[in-house]
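The structure under discussion appears below in the form of structure tokens.
Order as written gives the chain letters A, B, C and D; numbering starts at 1 within each chain.
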Amino acid sequence: MNISLENSEKIISAAKAKSEALGVKMNIAVVDGGANLTAFARMDGAWLGSLDISIKKAKTARFFDMNTGVIGELSQPGGALYNIEHSNNGLITFPGGVPIKCPETGNIIGAIGVSGSTVEDDHAVAMAGVEALVK
Amino acid sequence: MNISLENSEKIISAAKAKSEALGVKMNIAVVDGGANLTAFARMDGAWLGSLDISIKKAKTARFFDMNTGVIGELSQPGGALYNIEHSNNGLITFPGGVPIKCPETGNIIGAIGVSGSTVEDDHAVAMAGVEALVK
Amino acid sequence: MNISLENSEKIISAAKAKSEALGVKMNIAVVDGGANLTAFARMDGAWLGSLDISIKKAKTARFFDMNTGVIGELSQPGGALYNIEHSNNGLITFPGGVPIKCPETGNIIGAIGVSGSTVEDDHAVAMAGVEALVK
Amino acid sequence: MNISLENSEKIISAAKAKSEALGVKMNIAVVDGGANLTAFARMDGAWLGSLDISIKKAKTARFFDMNTGVIGELSQPGGALYNIEHSNNGLITFPGGVPIKCPETGNIIGAIGVSGSTVEDDHAVAMAGVEALVK
């Protein structure tokens, strides 16, 4: 099962609302189960360099079915996955990418990636997006 | 001036409505004046390979400030721009990419790219998107 | 629904058997519904350059849910999809790529790509692979 | 001498059996002496991002004729091969890639790369694959 466009847009709407509440400008990407883009939005004035980062965060979260920040803890110098970022045409392994689960089955059906502020804000906005589907 | 996210989403909504009226499933991309993605939507069941094509059409239309099909007429064997598609990490030069103009100034502020059906349908959906901003 | 590894390997076995019957040496790739590789085999002595071609054929067939040769008829000079091959990091649009359907539902669950001989042989081997799942 | 497809598939079978014994889901790639893919299998439910990593591990092990983890010890900050991962379109230098030797001559004839679990599991499965050829 892949996430639908309707649900992808619901997630982006919630992520935008959270961004506005935080006073930040974000790039927000949603990918399906095949790690292919379903929907994207760049808020006015958001960092241009965060466009690619948001998409890579969403892909990374789906590639390994976990939050991107978890991978980043393992890819540090001396870590078990040092420099894993060189795979898959470039991973982003700091927070802001989160898998999306089907509310009914719990299966992973896609992922969201957010970039444009601190990694704490990026993650908070990604979580707000994911939670929109649960409600 | 760049296109806003609000107007990018208005364009995508109109393009989706036109796609549904035509009974086709489209990938729809909007880029700003810098040829960078502002919004994207892949309709459920749309061709996966059209994802990249829709983005490349939007970029191509903004790269040269003209409809993509016009470039395709010049890039044929023996034509003035033969194989221009090799530039810019890949252009798409058949119809479906259209520049977006500011309704007030007439300046180009971005472009739309549509892919998922015949080139006639792709172009018709792109035009429906562009016209949403004029109204 | 994505194709399973078991069915991917069944398809590759059938494609190898057909290749041997034809006296040709093939690269054979199977991708899932997300156009991501599930199984691959390069027969001893098969052309090295056909490795990438077989994978690109499989991806192309899934990207557009049709036989690769159909796209090639439209991407010729003067055709509606001229130079579409520049998208998606490179398409291969001559025969040898065929979508794989679920025998029960008829839904496309992946694709096979074959390269190593004439396009007629490539297509025949791809069809033998696809038919293995139907039986 | 290059590894044959028959032996590549024997190695993948053994690696799959070891994966099942460990209760893990792996991407398993085998390359020949030219570091080009001969066979590949992605087990159902294995991480999608490990597809590319398994292939890069196999290539890396053959590129330098040593276990990938050995290179990773030298590519750390301050190390002799710091950031060598930038070469060859991306190396993976943590464990899971192992050269394959000809049982008769001891010459390196290819390599295996495994990704999908901890680096310890990845390496154990790669070793099970390599050992299948020796027996």
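To be clear about the criterion, a contact is a pair of C-beta atoms (placed from the backbone, for glycine too) under 8 Å apart; a residue touches a chain by one contact, two chains touch by 3 or more.
Just so you know, these numbers come straight off a predicted model, no measurement behind them.
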item	value
Centroid spacing, where centroids are CA-atom means, of subunit A and subunit D in whole angstrom	29
CA centroid of subunit A to CA centroid of subunit B, Å	25
Geometric centre distance via CA averages, subunit D-subunit B, whole Å	42
Contacts with 2+ other chains: residues of subunit B	48
Chain-level touch network, classified as line, ring, star, complete or other	other
All chain pairs that touch each other	A-B, A-C, A-D, B-C, C-D
Partner subunit B, residues of subunit C touching it in the complex	34-35, 59-60, 62-65, 77-78, 80-84, 86-89, 91
List of subunit C residues in touch with subunit D within their complex	4-6, 8-9, 34, 36-44, 48, 51
In the complex with subunit A, residue positions of subunit D that touch it	47-50, 52-53, 56, 72, 75-77, 83, 85-86, 90-94, 118-119
Subunit A-facing residues of subunit C, complex	32-36
